[in-house]
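Next come two complexes, and both contain subunit A; in the first it sits with subunit B, in the second with subunit C.
== the complex of A and B ==
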């Protein structure tokens, strides 16, 4: 077992033990929220960090899954069928959004995703009869996976942790796969990749679909956690926060969006109880991190650690003995 | 009768009011070494971009071994045996040299769609990549990061990426540009070793090195083919001196 595997095992054990270490339900629920937003940021980071595509409409997948889950449950479908259909519906919308968004690149791509996100938000806000408008919709109950009640804070946390761990493993595998290598290639040199025989558009579109799938899974967790969906949950601010999580932690790394989600969720939920204008603090954190670690916290800390290590390893400069005659 | 490896007929491309290529036609036979020359702005790189599909032509035809390429996307042209190097280096500077060549190999491998397999587990790809690097004298640099290599090494890496794909037709856009005299000779001898199964079309300004390589030469001027012939014919023609070589 190498050091990396040991670190992963310790990390996984620590995560699983959270409800026993922190017995307060409020903080266990906060940990569940962190996992949900971390998954949303991880899915967005497939586009941003690995694909070089900046999206400002990713929260739409929270809404598409959330609203369809509630509507299907209210229509009388069982929870498992509902979950599958909601994720399929949301991912299919992602596939369509991808076709539209990939007609442009750079700022054009950003603006199209922003517009698509706003369309979903607009429908949620205006289609009162379907979505409840500003009042939102309520999910009657959480599912009971394999007969296990996930209503308690600790059980729900473990349920979320399992889903998150599966998602993280799949995303990790993807980033190390031939497809992941091709995706990074299209981010760095799209023209060159095309001339090497890679279908750049298809790679980007498939990534968009995969990102929407994992975004939809986080949407499913979101609706199970909150049991309520309103337009506020899928606003531009939500998409921007997910983007901020990925950038703050480090978009070029797998762990960066998780670190970003931890910081932003804690600032939003904990610090906001003490500081009214918590947004200012969040902005300040973001500016400071970007000033001193432009690639984000994880790559920045890694760089810092490496420079400390290399300084330690560097031989100390030779000191001249006192008896040595002056030149 | 053998079909030409590359057959261009009546190729036109305009950028607004400026004609970049005007009714360009040429045939390159299998195994041939063809040199494209012409002053700056003659339309040489545009011609390559039209052949590869980086630019779409206004009219005309491009055939690879008799197969029409017009209307086909760039990756599909590559899958039919076309490869190229760029005048301005387009590599993956943060990656290792071997990874650059692996990306080239992946481009023609169905494995590129696999989002689950671990790339480094596919040793055959890395072995092939190392072979391609050894072919251009970069075997010892396989694990180095591109950004830490010299310009000459990067030029050779471009060549390794193109050769790794075992192309039928290889387009080289100024492969000797920016190299020292020694490096030029080294790249030139590398090109001499490329098997005859690969047809080479090369744009080059270094006439001393390139003339010895070419069997036939095409002279472009203002987007038009004004002369084509053997090395001796083109060099002896007064139009070559007039528009390109000078007095």
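== the complex of A and C ==
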């Protein structure tokens, strides 16, 4: 076993032990929330960090999965069928959104995803008969996977952790696969990639679909955690928060979005106990991070660590720069 | 009765389209020139609506309210461009995200200052009485908004097509490198166009007050509409913004009147068609 796998094992054990270390339900629930948002940010980061595509509509998948889960359960389907159908539905919407958004690149992509996300929000908000409008909808109960009750805070945390770990492993494998390398290639040199015979559009579209799939999975966890869905959960702020998590942590790294999710979720929870409004702070963090820390914390710290270790004047090797949208 | 419905809805659509034109023309020009969509534009509109409502509340004249809204939002716009966007020059992605962050700040400050209750803005007294033409009662104020939008459209047309400034802006939209090369102060143009967009958005907010009211979330309602106008019309095209505004105005208004649940979805259709068949928008130029 090398050092890295030992570190992973220690990290996994520590994560699994969280409910026994902190016994307070509030904090265990906070940890579950962090995992849910971390998965959302991770899935978004496949587009943002690895694909160089800035999506501002990612919360749509939270909403598509959440609403379809509730509606299917209310229609009398069992939880397993519901979960599968709603994820399939949400991912299929993602496939369609991807076709539309990839008609443009760079800023055009951003605008189309924003408009699509706002349309999903608008339907959730306006289609009163279907979605309950502003009042939202309630899921009657959490599922009972394999006969295990996940209603208690620590059981739910472990459920979330298992799903998260599977997702993280899959995403990690994907970024290390030839496909992941090709994806980074389309981000940095789309023309060369297509000259080399790669189908740039297909790579980007598949990434969009995969990102919407994992976004939908986090939506499933979200709805199981909250048992409630309202348009506020899928507003532009939510998409922007997920984006901020990825950028704050460092979009070009795998761990960046997780770090970002930990920080943002904790800050949000701490702040909202003192003041009612989180948006001013969200906006300020956004502006400050983008102006002064464009590469995010993880690459920043890594750079610092390298320069401490080498003690040389020469600047640390540039980590992959924040991708620039194709002209 | 049925006739009445169609005529009134048509007028509503045209006046809403006019408002959208005031909102999105500046947005489109700034987008075409600076290559960034200003995601704070919806927040500018809302800020303008609140400024206007406040001036009217304190007994100010309606035109004064529109002026104050334009100037006030213009100052915010200049500050945003000079102190926040300028240091990020070259980082398009960062600039866009910063404008989004700013829009959250503006929206929350509005909520703090003007509270969560909607501010209704009365139309100016002279325009409250409906205009009777051939037995139909037309809301006078909405007609006035249409006239204002048309005047603004003509003025912008002359600015863009007949003045030196307009020629420089068009040159910048078409080919920024060349424009710089022949000595056009492009970075100054950025400020001018951004200011123009902010002033127009602020004034549009004030004019929109009597129709839409000023309420929290107005920004999030308007921004997607402006985005869709620009996706439809093409960035940097005044004609595109004009046509796109009225298309969206009609679809949105009739959508809300006829299928209230699906109003947003109906907007989605023309966007989809344009994206599939003309990704540059109806009047946009292909990216170089």
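The criterion applied here is as follows: the second predicted complex is superposed on the first by the 292 of 327 C-alpha atoms of A that agree within 3 Å, B and C clash if a C-alpha of one lies under 4 Å from a C-alpha of the other, contacts with A are read in each partner's own complex, and residues count from 1 in each chain.
What we mean here is this: contacts are C-beta pairs under 8 Å (C-beta built on N, C-alpha and C of every residue); 3 or more make two chains touch, one makes a residue touch a chain.
Just so you know, these numbers come straight off a predicted model, no measurement behind them.
A simple residue count on subunit A separates subunit B from subunit C, and the partner touching more is C. Of the two partner chains placed around the shared chain by superposition, subunit C is the only one that A:111 touches, whereas subunit B remains out of contact. Of the two partner chains placed by superposition, A:47 touches none, neither subunit B nor subunit C.
Legend: residue contacts after superposition of the two complexes on their common chain; A:56 is shown touching subunit C, with no touch to subunit B. Counting contacts by the rule stated earlier, no residue of subunit A appears in both its interface with subunit B and its interface with subunit C.
Within the complex formed with subunit A, the residues of subunit C that make contact are 35-37, 39, 84, 87-88, 91-94, 96-98, 100-105, 107-109, 111-112, 220, 223-224, 227-228, 230-231, 260-265, 267-268, 271-272, 275-276, 279, 287-288.
Contacts from subunit B toward subunit A in the complex involve residues 52, 54, 73-75, 78-79, 83-84, 86, 90-94, 99, 102-104, 106-109, 111-120, 122, 161, 165. Interface residues of subunit A facing subunit B in the complex, by the touch rule stated above, are 173-174, 176-182, 185, 188-189, 191-200, 206, 210. Within the complex, the subunit A residues that touch subunit C are 54, 56, 100, 103-104, 106-108, 110-112, 114-116, 118-119, 121-123, 126-130, 235-237, 240, 243, 247, 277, 279-280, 282-287, 290-291, 294, 322-325, 327.
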